[in-house]
Each structure stands twice: as C-alpha cells, then as structure tokens.
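Quick heads-up: structures coming right below.
Two complexes, one shared chain (chain A), two partners (chain B, chain C).
Let's look at the complex of A and B:
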C-alpha cells in the first residue's frame, strides 16, 4: 500500500455572499508525507481540507489532483480519501471492529480479507482487546484511534484529519500525537492534517503549511518555519520573538545594554531576532537587563526583562534558580538560535 | 426531614386523578365485561360487525401510523437542515394541528374530499366517478389519511430531537469510505433513528386505534372500526353494555400490545449490527 501524491492548483473558495475564504492556493504533498495545515480559526485551513475531501468545490479554475488524476469534479465517495474528525464521528450502532471494517464492507472486500485487514489495524491501533466493544465504552483517545484505523483500513493512501486531537485532554493529546503519526507512517499513507496547535504541528508534520487569512504564509519543515520564519506573522505564530537593535563592528554587536560577540555577522546597523529559549540567562559578560516580572512554570520560568534604553525581552530560564522583579541578570544569545529569515533580519521587523 | 413528606405531597394530586379517573373506571369496565359470566365475549365474537370493526381498526392502526412515521421522518430530516430560527418557527407551525378539534378537521375534509367536495368535483371533471372518489374518506384507508393530519405532527415531535442530535460528520465519514449518499443514509442514519421511528409508529398507532371524533363526524357510526362499533353499542337503542365493556378491553389490549412491542424491540434495534 502506498500513499497518494496530492496536488492543488489555483484552488480558491468564494462563498455565495462574496466572502473569500481562500485565495488561490498551490500546494503539493508528496506520497507518504504528513503535511500539517496550521493557522488560527478562519484562516482557510479547514476549507482547504474540505476541498481535498470533495465536501467543498474550489472556485472555477481550481484543480485537485490525486496521483495526477483530476478529481475536482468527483464527490467524496469516489475520491478514496479517509477522514478523521474532531468529533470522532464513529458509528455508535457498530462495534469497534464493525467501524473499522465498514469501508471494506462498502467496497465489497471478501469476508476473509476483511477480517484479516481489521485484525491488522486493530493491532496497529493497539485495540485488539476492544474489537467487540461498543464505541461508547471507549475513552476519547481510544475512539480517535478507532476513527483513524477506520479511515486507514481501505488503504486508499490519503488521509484527511480535521483537528483530531482538539477534543482531548492536554495530557492525552501529547501521547496521541506520536501514535497518530506512527499509525499513518506504518500504513504508508499520505496525510493532510489540520490543527491550530503549534506544538502538535511541529511534532507531527513532515512539513507545515502556515496559513493566514485565506493565504499560505509559509511552507516548510518544522525547524524551518520555527527558526527561519519569512514574516512577522509566522514568527509570532510560534510564540514571542525578541528583537534587539544595535550595531555590528568587527564581529561584535553593540547595543544600549552592552556588547556580544556575533562572529560572521556583517558590519553595520542590525536587529538580532531570537526566541525566548535562545537567551542564555546569567551568561558571563552578557547584556545587562533588569527583571520586571518572573513567572515560574515548573521546569522553566519566563522572565520579562527591560534594558537601560527601555528595550524589552522575554527569556526562558531553568526553573531551579528563583528570580524576582528588580533583579539584574546578564543575557547572552545562543548564536544558533538567531532567527535568520530568508530575506535577512529586516524581514522579521 | 420535610423533604420526603414534600415528595409524596407532590404526587398526591396526580395520584388521586389516576385513581378516580383511570383506575376506578377501568375497574368498572372490567367488572361490567364479566358481569354475565363472560357471555359478553361470546356475543362479541359471534357478531360479524365486531370482526369488521377489528379489520377496519387493524387497517387504520397500521396504515395511518406507517404513513405518518414516514412523512414525519422526512419532515424531521428537513427541519434539521434549517437555520435555528426557521427550525423553531416551523416546529411551532407543525404543532398547530395538534390543538385542533377532530371535528373541525373532519368538517374540512368533507368540504374538500366529500361527495360534493372541491377535489372530488375537480376529479369528476377529469372523468373520475364522484361516488367512488367521494366515498374514499369514509373507508378505513381514507380515514387513515385523514388521521395522518394530526398524527404526522406527533411523529415529527418524537423523531426530530433524535435527528437533530445526529452527528452529520458520520455521514461524511461513511461517504469518505466509499458509501453513496443513499448507502450512508441506509447504513448509518437509518439504524440510529429507527428506535425513534418505532416509538413514533407505536404512539401514532395507539392514538389511531382509540380516536373516534374525526371518524364520527365524517361518517357517523357507518364506518367499520372498533371505536365506532363500541359507540353504537352504547348509544343505539339496542345497547349492550357488557359487550361494549368487553370491546373496550379488546381495544385497550390492542393499544397496550402495540406500545409493548415498541418497548421490547427498541433496545434490540439499538444494539444491532
């Protein structure tokens, strides 16, 4: 069983009342790849997913191709895509095995092949002992594994997941992320995964598509979009970004609060952009900042800092050593943690 | 502890009502039926009029609820797709027939479908025999259609909440697995609304078996259904009260059986497949 290749060409969506849910989008998802559509609600990610599913049609001119075949005009049941919903959408009048085997029954698999395939997926989903259970006897995490197994069962090679973990508790969600990715990879399926949760997207996705107001803001591997954001929007979507302006001369950065070595950085006016965790709190000979607020979060603490010229930073420090407002700390910056967007530091501003 | 006392006090008015207006009369009916040593049942089973009535009631009690449930399901599915405002408005309108007297409804039917009714005359112009068309509403089958008028709202009110709570993503999930619209409807939606449909059917059947106002207004005691036969046993000159009581018991038993079957089948429908 191998995953399908998905291509979207010029897919836009305008609703009858004239609102534009999606500007023309081009996207390619390789066979066997997990691509996460990420963005706040209303960014068009669900519309895009529904277009691939066949639940929404793109505006005139848009095309959806699965393995090179134009499926734009095909209804959902002719496309061969499995769907997983936030609400699980399991069939309550069928057992766990009945749910997983439903697609196989519809597609006319023989009894023997059906039983074998269902058994295989029960094993992949670690649900063997629940085969005969009713779905309302399962926990949320188990239900979503049944839903994914059901979507994977026919082996159509394309899985669409719409916020599948959003209805679950935070603790359960983290464990299930890895498990969902593993199940999809084990079946070799291609997956398009919609979420608004950055951590989920970064963990699960081979590539991320960050969306904003009906457009694609950036496409890239998780590390790329996190450390090389091409816009303020993408940078800010994954959490706060610090910016320090100053001057570089002979590899040394000078700003109001002190100096830092920045080897390899060209001379001239510049802005250093970095995330809170790239700040090294307490580094000898760093920049001097005053703590204005300290939030203890257990394994780490979040420090709000202010420099002599009123410049503000957010830094993460280990949780062990307590800080209080008024303390003075020295700050270094991990050179690997400097955000280096494709268009240079200016693009971050 | 005043709470337990209050609990019982709250049940007293309804309890008194049940005793005075249900248990007592029911007891009276049973005593009356067996007053002459059970010979009333013998007279009943020997009477061809009773058997005609039983057949008529069986037709009426099956046809009317079947049509009402089918139409009610379709209406419920339609309402579930509407906006919340439109839903509330339509549900209110649908409940209106429930508050009309059966007599009013019957009179309206006579005006439209009777021997010289509007529709009958229209069909007569097209070559239909007005005597046949106009006679239709005076048969148990025709009466069944008339009953649907106030049975359909009942069916809608029973089925709608279940349809409204149905998660439409289930249909999308089924279709993504390759099921056609029809197949998804049959495999996924129908089994889940079936218990509600069954309850609606039973409720409508029980009402259809017992109702007589509409039938009486339409055709007097001419129509062969149990309540009419019963009515004639009480009111006509040759009244036979023990036989009427015996027939009442038959009628009650029929309605109870229908409701019981619905209750028994319901859990099995839920756990099927």
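Let's look at the complex of A and C:
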C-alpha cells in the first residue's frame, strides 16, 4: 500500500461567534511524508488536523484533497484517514487485537486476511504477547502503539496524530518518537502530526509547519526551520537566539567585547545571530564575557553572560567544568552555527 | 473527629434499628422497647391487598421510569457531550438542575394545574405518574452519563471509530452503547432508588388505583405500630438493595475509566 497525497487549498476556519481560528491555509503533503504541525496551543494546528479528518468543515471556498479527490464534503468515515489521539481513545471493551482489527472488521475484511494483518501489526508494534490483553492492562506507551497500529491497520495511507505523546512522561516520549516514525514509514503512510513540542517535531518530521495565531509562519525541513528561521517568532520557538551587533571589516567582526574572524561575511554593520550551542565557551582569542548565572543541567550547563556594553548572551558549555557567577570567559562562535535567515540577516533582528 | 463520626453513625442507624425491632415486636405501647417476638406484622402486610397492590404498582412505575429515562437520557447525554459546543453542554446541565432544585411540591402543584384542564385531562393516570418520575430522576441519569462519557472521552473514541470507516449507527452499537453500558446501569439504579421511595410528587398526582407503596405506607401509621414498622422495613430493604447496587456499579465504572 502507499501513502496518499494531501492538499489543502484556502482552508480557513471562522467560528460562529466570529473568531478566526485559522486564516486561509495552503499546504501540500507528499505521499509517504511525515509533516509536523508545530505551534503553541491556540495556533490553529488542531483545527487544521480536524479539517483533514472531517471533524471540522473549512469555511466556504476551502478544499481538502486526498490523492486529488475532493473530500471536503465527506464525513470522517468516508475519508480513509486513521486517527491517533493524546487520550489513546482505545475501545475499552475490546482486546488489543480487537482494537487493531476493528477497522478491518468494519471494512469487511475476511477473517483470514484480518488475522494476518493484525498479526503483522502486532509484530511491527512489538505487542505480540499482548494480543489478548485488555487495553487497561497496558502502559501508556503500549496503549499508544496499539492506537497507532489500529490507525495503520486498514492501510488507508493517511494518518493523523494529535499530540500522541503529550500524555507520556519524558523518558518514554523520547523512545517512542523514533518508534512511531519507524512504524509509519514501514507502512508507507502519509502522516500529519500535531505537537507543541519542538524536540518531537525536529526528530519526527520530514518537514515542519510552524504555526502562529492561525497562520503558517514557516514550512521547511527541520534543519531549515531551526537554522534558517524566517522570523523572530520561528527562531524563538526553538529556544533562545543570541544577537550581537557590530561591524565587519575585511572578514573580522568587531564588537564591544572584542573581535572575531568571520570569513566571507560582507563588510558593514551587521548582527550575528546564533543559538546557545553555537557559542564556543573558552575559545582562545574570543570575545570576553562575564558569567552572571550558571545552571548545571547534567550533560551541559547553561551560562548567562554579560558583555562590557551590557549585551547579554546565553551559551551552552559542557557540564564537566564548573563556572560561577563573576567568572570571565572567552566566547567564540561556530561559523556553521550562525543563523542565516532566508530573508537576509536583517530578518532576525 | 472519630467521636463525631460515631455519633453520626448512631444517629443514622438508630431509627432504622428501631424500625427493625418494632417490626418484629409483638406489642409496643408506652415502653422503651416492644415486648414479645413475632412475624405477624410482616404477614399482615403481605395479606393486605392495598399494600400488595401498591408494592406491584411501585415496581411497575419504577421499571417503566427506568426504560423511559434510558431512552431519553442516553441520546440526550450523548448529544450534549459530543456536540463539540461548550454552550449546548452547559445548557443541558443547567436545565437538568431545575427538577433537582425546585421543591417537589411546586412541581406537584404545577402538574395538578397543567394536567387537569379539558385539553390535558391526564391527572391521576399511570402515564403521568411515570412522566413525573422521569422528570425527577432524569437529571441524575443524565449527569452520570455525561460525566462518564466526558471522562472516558467518548467523543474521541467515536472519532477514532469513524476514521476506521464506521458510520453513525455502527459506532452507536459498536462503541457508544457498550462503552456507556456500565454508566447507564449505574445511573438507572440511582433512578430506581429515587423512584421507588418517591412520595411528595406521587402523593399529589397518583390516581387512587395507581397509588405507590410510599403513599400507602403513610396510611399504615394510623394503625398498629408493628404493622407500620414492618411495612416501612420492606421499603427500606428494597431501597437499600438498589442503593448498594448503584454504589457498586459506580465504583466499577470508575475502575474502567482510563487514567
């Protein structure tokens, strides 16, 4: 089976009281691709997902197309899109195998084909020994794997996931990210995945759609969105961004706290934007900063820094060497870590 | 703290204990406790045709009330929970408060006025009695169902079933009914417990031939104490049975609710 191609054309959503949940959105998800809708709560990502599912209807003029077929007017049961929820939404009166096979039963698969398909998915989800269990005897992670297997079982080629990992604790979440992506890819399904968790989005997505207040702020591959944010909003969504203003002359950047070589950078006034992990703490001949706060986080520590002109930076340093407020450190910048916004350096200012 | 609890329990149990003692005592006049031991009072109640008739009427009213309440309550609760509109759900919850909050006697007088006109001459009929009981008990059933449906996230279960290709009726019988079954049963036992002991409204609107057990029970207190006690104990046992069943089922529902 193969994934479906999804296209949204001019899909907007206005509630009866006049609130605009979603401004007109155009989006294309290629067959077999995992696209993550990312943003804070209320940004419209869930509304968009519900439109694709058939649980919400877009405003007049909006169209939802699956493999080129207009499904805008079709109810959820006629669309062929599997759904996975944060609450798992497993059927409590059915066994694990019963849950996974439910869609096949509804769609009239023969007993033999059904059993084969359920066995295949139990194996993919590493749930073979739980086939006969009640779902309330499973852990959260196992339940979510059942839910995903159930959604994938009919092979409809399109999976919608609404914050599937949000109810799980942090350790489990990280392990399941990779597993969920692998299960979806193994089945060749196209997936639209909603989350507010940046790390989850960056790990799982072939492409990310960053949303803000009912609009798409940026669409791109995880590295693109992370290193080439087109707006302050997108840059800030993935964590703090440092900005140092100064002047470049002959490949050397001069600022209040010192000078740094920046080969290839054009002469003139400029702002260097970089994330905390691109700062190289303790680099010889770097910029001089004073530590105002050091936060030990285990594998790394977060340093809050202040320069002679009052400029502030956040830098990540390895955890092993202790720093205290008042220490003076030298800071270099990894040239590969400089944010190069697609709209030009100014866009990050 | 323990003292208060014990005092309360004694206060709660004492009248019930006295009723039980009184129902088995041979004679009870001007003494602290009755004298003698007898089963004659229970036999007398069972031999009294008006009590027997009222007992069966009560069971009929309660049974019919349960069926009607289920047929109205399940779709109503389902619609209110899954509409997706907070306001609709709130309106239902508010409306359901009216029969709970309004004194039953006002409902009773309302019924008397509304159903004794030439156009609506139903006062005293069995159907109107059942309608009254449905009105009084429905809020408890709907509240139970709505709370459980929301806690179980029935809406998302239904969406999941829909996404697998199940149309409305398929979802209704495959998911909604089985998932709500325990909750429905819990609610219905509450309905039965309320309906079986209901006095105020029934006393005002029941016809002479459709008098329920609690109405007839009131008459018993004009006669022998032992007879009155025995008749009361019968009602008490019936109510306690339904009440216990309701509590047990409710605990079972909450065990099933996913964490």
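Please note the rule applied: the second predicted complex is superposed on the first by the 349 of 349 C-alpha atoms of A that agree within 3 Å, B and C clash if a C-alpha of one lies under 4 Å from a C-alpha of the other, contacts with A are read in each partner's own complex, and residues count from 1 in each chain.
Criterion: a contact is a pair of C-beta atoms (placed from the backbone, for glycine too) under 8 Å apart; a residue touches a chain by one contact, two chains touch by 3 or more.
If you're wondering where the values come from, they're calculated on a predicted model, not measured in any experiment.
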| item | value |
| --- | --- |
| Fit or clash between chain C and chain B when superposed on chain A | clash |
| Partner chain(s) touched by A:75 [first = chain B, second = chain C, both, neither] | both |
| First, second, both or neither for A:53, with chain B first and chain C second | both |
| Which of chain B and chain C A:98 touches, first, second, both or neither | first |
| Touching partner for A:106 - first (chain B), second (chain C), both, neither | both |
| Partner chain(s) touched by A:38 [first = chain B, second = chain C, both, neither] | neither |
| Partner chain(s) touched by A:151 [first = chain B, second = chain C, both, neither] | both |
| Partner chain in contact with A:83 - chain B first, chain C second, else both or neither | both |
| Touched partner set for A:136, first chain B, second chain C, both or neither | second |
| Shared contact residues on chain A - chain B and chain C | 53, 55, 75-77, 79-83, 85, 87, 89-93, 102-103, 106-107, 147, 150-151, 153-154, 160 |
| Chain A-facing residues of chain C, complex | 152-153, 156-157, 159-167, 170, 174-175, 178-179, 256, 258 |
| In the complex, chain B residues that touch chain A | 167, 169-170, 172-181, 183-184, 187-188, 191-192, 270-273 |
| Interface residues, chain A side, partner chain B - complex | 53, 55, 75-77, 79-83, 85, 87, 89-94, 98, 102-103, 106-107, 134, 147, 150-151, 153-154, 160 |
| Chain C-facing residues of chain A, complex | 53-55, 75-77, 79-83, 85, 87-93, 102-103, 106-107, 136, 147, 150-151, 153-154, 160 |
